[in-house]
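Have a look at the structure that comes next, please.
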């Protein structure tokens, strides 16, 4: 499926080589976008500001933030695990938004899509740090979404799980029999969501067809949660 | 925005001259679908079966069901108001699904989209009958969605409110100053969702790009509810 | 645990010998309520009005409505199954509310608790009719809750699943090994919610401590859904 | 209303002189609990461990964490605001849980209630930092709740808003005419939830009657959000 849904859009994708980054870049380009890939850690304000300034005019920012999800019992989570996880996928948000919102407000036009996680919508065993960090993202998106809607800027989030991607579901996991059974049992879809299905939906949300969504959370997880 | 997202799809749209029917027909045709418009009341099983049989092979059923929303205080709702509302937008669902699911199961392929209402997700004054009926739709979609996912059939719903359509927001309502203020105050988007924005999203959900959604409820209401 | 949380309250419980009826009657009496048990079908307006009138002054109405949940594939649900299910647990609602709200509005005081189901919040296989009917209840509660809050009347609902009760989890089901495994797998609590745990919570929601809840849905299902 | 719902429970309440701390201490004592009030910042692991160790056997931990909610436009939020807010109400969570869970797991008994915010469930203007931090709390609670349920430990959260408390609704705010109008307009309850109503519900969730709730989020906000 190919069309020009994103024709003429300049779209910055962060952590572009991780998580959903590669497939988002591919699909967005196929759909006509000019994709600016960023590989920075975004772990300090100055660096982040430079990334945004270097990108020039940005129609859409895709805050794709990736971290290896710790699998630690809650009673053993260290301050370091916590700090590192938040530093990687939560703390970049205000830096990115602070840097990019002014140009969007000036033009009364823009979109920000956060690639978030459904782990913030439903509890998962040994995932407390990750779920907390992803929960921060969704709370943030809802609030900023409401705040900047008046400037014709749409801020929304995907809340995904069980989407095929090398960061969370590498081939060895997918080949594991126990994982396959878990998939059948826990995911009504009965399979992983394909990376391109996720990216297709992200493309839609980044297109002008999606000007009506405000601070909304879209689960994409094969029915694991539905709202 | 025009593309061939629905190319080759035979799509049956019910209550095609009401509610979101007209704009759905237009947008779906523009996107390549062969649209079969139905104008039946669907108020009995035989009639409904005939509609489906006459339509032949159906790739997508859009259950667009329309009724004038009563605005009655809960203490004054009559059994007739209740019965009529459910007869019009709830009772057709099992008839439609019973008639269309077998051919979809046979082909291991199909989609059903229910055009539902966000009034089932958030309380509205003097809307008890309507909210109940729309709540039935969403409960139904979630259950059938999970049930038929294994047949590669996707059943999902839009839960809309504050979408421009002649059934619920006729011109005289939209021109009303009090309504305009309410819109600014209650709807973060600050305006009605355009009919085509709603239809665009419906088109997406009826396309092959949306094979990954199972029994999901998608609010489209300008941020009035977000999940 | 015993206290006088409901002291002096006259509480009408419908379908009092079914579903959560018996345990609600017991627990509410232990907590000081004067319980009026009703066994009517509530399948017509006159009968329902008589029930309410005969009960006299009602502080709290517990709309406990019970039906055998059909377990039919969506493609085989008959109009009769649908009609019967809605007639039993959905259509009594407007009759009950119409009959009881006027006296509550007159006194600026009252509570209505609907004993609903979490099947309206998360899809279940072969449960389309039941989920739809329970969805109608939740949509209704949200709307009426908002509408009558200004009269100091609180309308809320429990959305339960995996609660021990003879209607849905009779001893033979609970003894079934497959069911036990399903419970471990699907319900984070790892066991059925006890009937009294459910009734305790219902008692709380019917007490003066719960005057602040408006049209709210409270899942009680051992973590099967959490909001 | 007084009873012995919490009789014999040793309950540690953090930030005991802030946010809901004072009323929680009062109500919990009235209901028979032995309340241990803590006033630490919990801003480092050692201090937090000492607090828990000094408290001895803890049946219930109430993670009441308070911060002045910044009211900054998203484009002007500084890293310092972000860091300080998370340091105050988010980062203490893993420290507290790490310190208290082992004794609860040893005894196969315990409860943790997080006093969270509904701002994580619905967007609020100029509240992005706070909503994000509160979102982290809810994501965390859901995950840990599922994880420790097998040890007979219940972890849940209140998600409150429009609850009378000196931290967020000081007298001068409540006396403000604009605020009063906003309350009527936005909060179906038409008034602030009283501090004791909130504390009563918290007491219930900390009692043995609430052993069936797992990782659940309970909105208490006068109907501002209902699930």
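Going by the order they are written in, the chains are A, B, C and D; count residues from 1 in each one.
Here is the rule we go by: contacts are C-beta pairs under 8 Å (C-beta built on N, C-alpha and C of every residue); 3 or more make two chains touch, one makes a residue touch a chain.
Quick caveat: nothing in here was measured; it's all calculated off a predicted structure.
Of the two chain pairs examined here, B-D and B-C, the one linked by more C-beta pairs in contact is B-C.
Residue numbering at the chain A/chain D interface overlaps substantially, since over half of the positions present are found in both copies. The distance from the centre of chain B to the centre of chain C, each centre being the mean of the chain's C-alpha atoms, comes to 28 Å. The distance from the centre of chain B to the centre of chain D, with each centre set as the mean of the Cα atoms, comes to 39 Å. Shown for chain B are the residues in touch with two or more other chains, namely 121-123, 142, 145-146, 188, 214-215, 223, 226. Here chain A touches chain C in the complex through residues 122-123, 185, 188, 223, 226, going by the rule given at the top.
If you check the complex, the residues on chain A that touch chain B are 1, 3-5, 121, 142, 145-146, 149-150, 188-190, 193-194, 197-198, 200-201, 204, 207-220, 222-223, 226-227. If you check the complex, the residues on chain D that touch chain A are 45, 73-79, 81-83, 86, 90-91, 93-95, 97-98, 101-102, 105, 119-140, 142-148, 214-215.
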